[in-house]
Amino acid sequence: MLHQQKLRFSTTGRGTYNITRQITETIEKSGIKSGICQLFLQHTSASLILCENADKTVQEDLETYMTKLVKDGDSMYKHNDEGPDDMAAHIRTVLTQSSMSIPIYKGRCDLGRWQGIFLWEHRTNCHKRNISVTIIGEA
Amino acid sequence: MLHQQKLRFSTTGRGTYNITRQITETIEKSGIKSGICQLFLQHTSASLILCENADKTVQEDLETYMTKLVKDGDSMYKHNDEGPDDMAAHIRTVLTQSSMSIPIYKGRCDLGRWQGIFLWEHRTNCHKRNISVTIIGEA
Amino acid sequence: MLHQQKLRFSTTGRGTYNITRQITETIEKSGIKSGICQLFLQHTSASLILCENADKTVQEDLETYMTKLVKDGDSMYKHNDEGPDDMAAHIRTVLTQSSMSIPIYKGRCDLGRWQGIFLWEHRTNCHKRNISVTIIGEA
């Protein structure tokens, strides 16, 4: 069995957005009970991560860390047409993921207890972000 | 054909653990000869990597590098309930992977000659770590 | 339906190589119209990334950034048998990906408009690099 659909998210600036509920609902609607749910973010300046879902300071610290690791507007960048966050967003994407698969086990999204799925917007402006979802498995 | 099972590993502190044999055996037992083996670590303070399997200094250097890149107990972290390695472990996880797929080709786990699959424990204490394995393919 | 094949690439030194066309053609030849294309690079000193495909300065900046983040010949490395780029190449691989899946949707490789698939050679010498491709889905 195979189920495909697109999910669209609106982001309101740099930061992580918990999309676990939308992914879980998409899996439930597919009717697939065992298999994998492949998520693919169709952009090069935002990414997908799995991270702690309970304490919001984890997400804040993650952002603080990444802002220090990949400097906006670094003078070494040649690519800066869209502003100081342009090249930084591409690098942040490469250091995380655009493509990941989540297992579906006994009818549910088989995340660990503390795991959430997050869309990480790396641009400072608002964006529309598309995820291509492919679910493969058995009913 | 679809095969699912859980693997459980005990870690004895920060470092990488070669789990290639356990994954290879799980694939062999599944009876699936062509397809993919999807590995999903159900935790946010440990991760999965593919890395050189022969010289143990590679794993030591990797640890040395990561310890420098992501400082334990950095004063910029707000999230430190479980000690100085708490937030560092979440960041190290995000910079590596929790989800990866390995091809199964002509009846075997199709790793390159020097590739090993490692569970990377990022916490300094002992932990139990679960991997959800989903194998999809043909016999 | 399942299709498997190996792709072989020759690299001519450190840098990113756009392999989108070869992947797209492999998907088209498979006859699979909906599903996933799993790419697996069988090496520990090169990696796979999804990145901006239009402006070549993005790839140049990415290289500049990574060269600064992971220093060649760092005195902290014990593993340096094959030269100053040896251990750096392993670290660069771990910080990016060796395994990724691309969705196939309505008969085509469902990349975003600005996304390209790149093989990133991390060694300074020429190499032959193998990708194990597994396509699973429906015709």
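Letters A, B and C name the chains as they come in the text, with residue numbers starting at 1 for each one.
Note that a residue touches a chain if its C-beta (ideal position, glycine included) is under 8 Å from a C-beta of that chain, and two chains touch if they have at least 3 such contacts.
Since the model is a prediction, treat every value here as computed from it, not as a measurement.
Trainee: Fit chain B to chain C on CA atoms, both being copies of the same sequence, and give the resulting rotation angle in degrees, nearest 5.
Mentor: Rounded to the nearest 5 degrees, it is 120.
Trainee: Any idea if chain A and chain C meet via the same residues, over half in common, or different ones?
Mentor: Both copies, chain A as well as chain C, present different residues to each other, with under half of the numbers appearing on both sides.
Trainee: For chain A versus chain C, what separation do you get between their C-alpha means, in angstrom?
Mentor: 20
Trainee: Residues of chain A that contact two or more other chains, please.
Mentor: Within chain A, residues 69, 95, 97, 101, 136 contact more than one other chain.
Trainee: Given the complex with chain C, which residues does chain B contribute to the contact?
Mentor: 34-36, 49-52, 55, 57-58, 60-62, 64-65, 68-69, 95-97, 100-105, 110-115, 136-138
Trainee: Quick check on the complex: what are the chain B residues that touch chain A?
Mentor: Where chain B meets chain A, its residues are 2, 4, 38, 40-45, 69-70, 74, 76-79, 81, 87, 90-91, 93-95, 97-99, 101, 130, 132-134, 136.
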